[in-house]
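Shared chain: chain A. Partners: chain B in the first complex, chain C in the second.
And then the complex of A and B:
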């Protein structure tokens, strides 16, 4: 994880090593570091004289695979790509853009939570001649299979849907598939809460049609009974109760904290 | 369902190892060819802010080389007014805020071109009230916080459209009362801190459903005492900051079990090297060291200086500025 905060490497277990292992590792790291430093220096020099070319793409690509949160390095790539868009034919630039997508995917496979890499992906999709949104949606599906709570990927998915023809009704179906696979998928419940009032609006603002609410209520009750300690369902449940217009829901809402405490 | 959590061993540290942390932080960065140090050059400005704030909270700010730090900050400002993470790195709101925090603590804002900073921040505001992180156009509520905290420290909040900025923050509010990165994004404790901070600085906390959000926040506490940042995630020391400061802003700090949380934070210290890790037995870093200490300070540790829950800076500094903040009371 990186970028100011939510954002440093996390979960690195401290391993006890011998002095010998330590020295060996340090030697390896110093070698890597020398390459990294030389690459960084080179790319900064090329930028200074505005030498935007394939070599620059190659060097910065290597740097970023080692450190995808080096934001200035992504910026340099954008400068290079911006210039090459003018210099190359559309076909050639489409090819370059695809290579960019490939590099980003490599970075993401190593660090699926890199702000810099996800950010670059949005940028190149908007910048390339012919983006393949279907392929991007598949990528989201794959990354969400690996980690169903990756909020970068969920955000990227919403970006893809917005720019392609994926409607909120299709996405609502997707969230159903996700919560049915695992009731504890808070990210999917969250997404559902924003889609439901759009797909099934009632006359009141930010409310949901009554018949749908009852079906939804069944779904979440099912989740609560499957695992009463699961917070995801409780928060969604609490929200759902505030969406209707009928008296019973309003009444429920008032006593909610009491109800939750008793059930837990 | 199995709760994701850690187990704190019986013989984990129960004392705050102040001296160790001072040694760890004052040695950090002395060896300039250290691998970790070099690989984190892209966030150096924030790294310095984390380290020096931690040192100040421990009452040992004078162990750092003030002049060297001031020179470094000066070298990182660009012609556009924005400040980068390190010399030669591009300007960004994240590092512009860190730089302003550093200079505010040292009471040395004249080191940089302040009106340049104000212009830089102002020009990043968009029509919908949001802020770009830099000229490339990424939008995130973190950047709204960076912009507004930065201007508040400079006493120049008038430079931007505050109503619009608040409107954008509110458009990121979710079904659980929390906030995400942008409209539609899932609630995350780090983003909640940023959004509540923005609302506290601008005096707009009345828009928040404090009971609902307080409930979500206190549910972050796990049996080990540690806090996580989202449901069904592992506990992490940095969330003792994002969650605690949010609860403090909402006036609901007493909704969590303080004693258990203190025990968790103390268990994340490294007795050998000093510093705090995200979880017991993990590798330490300056980031978790600051947030471990800041969390303990919010929990009332008397050996540390008081920390301000909105700026994550020593309270005496904010007091000196005469900065006005809204906090809720229950």
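And then the complex of A and C:
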């Protein structure tokens, strides 16, 4: 099998036709479907008789890798893991949790916006003996590189930061990096708006120091001048301006339309 | 004389450069029998890629002025025996003169201890391996062997049906393998801090000569099928900003601008002060290493130095061809990360994508708006002819100035984005800008792709496809003459005293006899390769840089500069490779390119004994080693006018930055040779091939599946360099992909 040229009578390869390929694919699909059905049945049976063991983990894991959005399946895993936490030593359970994290990661790669998977990840990190928060932050970085607007991941990132002493100032820098890479990013701008009052508080409650506000204004001004038709920057612009008096905000709202028109 | 080469081929191709290789692949793909020869012992000819020792060897070889052709003595009696009465033979040049004025400068000491630098030829293990790995018909010896390309160079090709040869090669390689293992193992420990994870990869390729040190770089590599995820980074995902409101708001815009501008100037100066501060930190690294020539030789395999470096436009014809022909799977690419320009006596990053324009600190917000507006217009300038009416024949630069753009914006667009000079007319400038912008954002923040491990990979990708479809490869095999019939049509060649017949003879211009070529080829390209100690504009991350230098007092013609770092797989950690080329003006490349080098680098240290590289604390990068040479540029003349029928002459790399002309040339020539045939239809993937024992109706509609498969089905990039030695089961591939994606591994 090491050679293609064996199948080359006068340079013509024999190639499968489309129909052949489709038939093959269909066969594969049917096979997978049967496995999936059988697996699902099996774990439901096991749950009924409260048989929580490694086999259950293995089967549900396979099912979830095929379909990460199968909520019940994640719940079954939680039941199993909760039970196993009492049965196993801490070391063993740490190992199990690591495997769980690995599984979730695989599922997230399949569907980076799976509610169930992100939820399970938060749960296991709170549940496991020694979570590695640094690694989780790296994971967020990677997923946000792949899709900078994945709000699941942004939420998860806040969860990680809360539990791992990541300073809001570092996060502020991170949002700037993301905005600079692509400022069409509501999540990043929004996160920024929630971090600024923490990092640069002013004497007023829940407000931001004036100098910083001006700097932010300059940043967003660069964005709208670059692409006035991008909404996300205008949202942030509005947040910046709308922080003070309600009356001014209303007044400005009128002008706002004018400004947008002028820009175009 | 007595080799096993068949004596009849549909197509014989001389030279393994880019256009020849594309033609070879295209001909083999439609079932023609192809014999592909190269006079050198390496692939690529003028498009080749070398490690450091191979490049020094090449330099030494070409420094020697080639002797005059002794045409008469070449006409051997043996030729006459092979010719029929009506046939004549035309000798081909044996000493090509396409490379001239090779001049090499070493600016570092021979070794850490050495005091003087005697000119010395270093003979390396590579040279020995090369003769082992590449089966070659030595011109003088009779002891020749045939091999399919796939068997011949172990580094990127899998064995084909010629298993005997493959085995034989395998045996000779064995001796080299252990040596390589030890050597590269130790060098990795010494020079590469964190490379332990790469071992598995290396072990696969260990026995394969030159490319032992290649590692897959997973994160940053891309292949032309990806990029959807980057859609958001695209320039102008919302470029259709309407112009309807423009008429009346002009005045208002100005007033708003005035207000904004003042503030903006303040902030700009603040920020540029910050920038300078950052820059100052960069060059004064305390642990700057002093490199010696010995170090370069020790790490020779980490170099992949190109004779003809080029970039691929993401939407250009080569990327299109690589995808449509399914050859993309043989290569990996990386996106160029920045375009620089030289303005106001310093280097500056040109804001070309939306993200760049937003982030740049070199232009005011008002300029940003002007720039974005103009770029948006250029992207679909055909729809708005009224915008440039009256400027069609006038220079592009005048059109830009008429748009009330500031001088720096005009400079960015004209010299860095359109990359045209002052004389280019508006329509051409607009088209160039459009081409640039259309390619932007498909795979990253610049319109250009760089093939990892160097451009020399690309011809080999096509050669490989040719070999897969039965083409026969023979390196280090020269051709003495062409056989013409009574009508003057080419019917075959003499090679190594053997007559081989063909219907078509394709030859790279340096192979062709003088009488086949246009009377004179006036144009030449000046090229230079520099190995430097740091980047021309240091940044946080390693950059892949394109820079065009506009002609001025010192710089005689537009110089294209490419800077690549270790991440592009062209040099060891801590070094950079800078390529320059420009149309020749002076007699030698050195005269043409030295001014550009002086602009970007600290003065070349020619007295290696006194100053040692790394000692001074200047900002500019220091050149450790460099080579200058001129190359005949045959892209500007019509090569296929004076040649005998039945022959095709292909051009040299030329001065263009991308591969557009090359692909166009190959396509046109193919159509001339085989008018009714399809040019490089999609090659099947291994799993689409009917294997022995498979059921199904073989031999039917071989190419039909091609149309139904889209670009998206191209394999994952990290698999691209993997050899289909064994056809993988889908499961294997899945696993592999998972491994490569694993976030945790990093």
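Note that in this section the second predicted complex is superposed on the first by the 222 of 264 C-alpha atoms of A that agree within 3 Å, B and C clash if a C-alpha of one lies under 4 Å from a C-alpha of the other, contacts with A are read in each partner's own complex, and residues count from 1 in each chain.
Throughout what follows, a contact is a pair of C-beta atoms (placed from the backbone, for glycine too) under 8 Å apart; a residue touches a chain by one contact, two chains touch by 3 or more.
What you see is a predicted model, and the numbers here were worked out from it, not measured in a lab.
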Is A:67 touching the first partner chain B, the second partner chain C, both, or neither of them? first
Give one of first, second, both or neither to describe whether A:149 is in contact with chain B, with chain C, with both, or with none. both
I'd like to know which partner A:227 touches here: chain B for first, chain C for second, both or neither. both
Which partner does A:207 reach: the first (chain B), the second (chain C), both, or neither? neither
Of the partners chain B and chain C, which touch A:184 in the superposed model: first, second, both, neither? both
Which holds for A:94: it touches chain B only (first), chain C only (second), both, or neither? neither
Quick one: is A:83 in contact with chain B, with chain C, with both, or with neither? Answer first, second, both or neither. neither
Should A:164 be classified as contacting the first partner (chain B), the second (chain C), both, or neither? neither
Which partner does A:111 reach: the first (chain B), the second (chain C), both, or neither? neither
Common interface residues of chain A - those touching chain B in one complex and chain C in the other: 2-8, 10-14, 149, 184, 227, 229-230
Residues on chain C engaged by chain A in the complex (per definition of touch): 28-33, 148, 150, 158-163, 229, 232-233, 236-238, 240-242, 245-246, 249, 252-253, 256, 260, 263-264, 267, 354-355, 357-359, 365-366, 368-369, 372, 467-470, 684, 686, 688-692, 694, 696-705, 708, 724-727, 738, 741-744, 746
The answer for chain A against chain B in the complex is residues 2-14, 26, 29-30, 32-33, 36-37, 44, 66-67, 69-72, 75, 78, 119, 123, 149, 151, 154-155, 158, 184, 186-187, 190-191, 193-194, 227, 229-232, 235-236, 238-239, 257
Sites on chain B touched by chain A in the complex: 1, 3, 33, 35, 38-40, 42-43, 46, 84-85, 88-90, 92, 94-95, 98, 134, 136-138, 142, 174-176, 180-182, 184-188, 190, 212, 215-216, 219, 229-234, 236, 238, 242, 270, 277-279, 281-283, 285, 287-288
Touching residues on chain A, where the partner in the complex is chain C: 1-8, 10-18, 20-21, 102, 105-106, 109, 135, 138-139, 142-143, 146-149, 180-185, 218, 221-223, 225-230, 259, 261-264
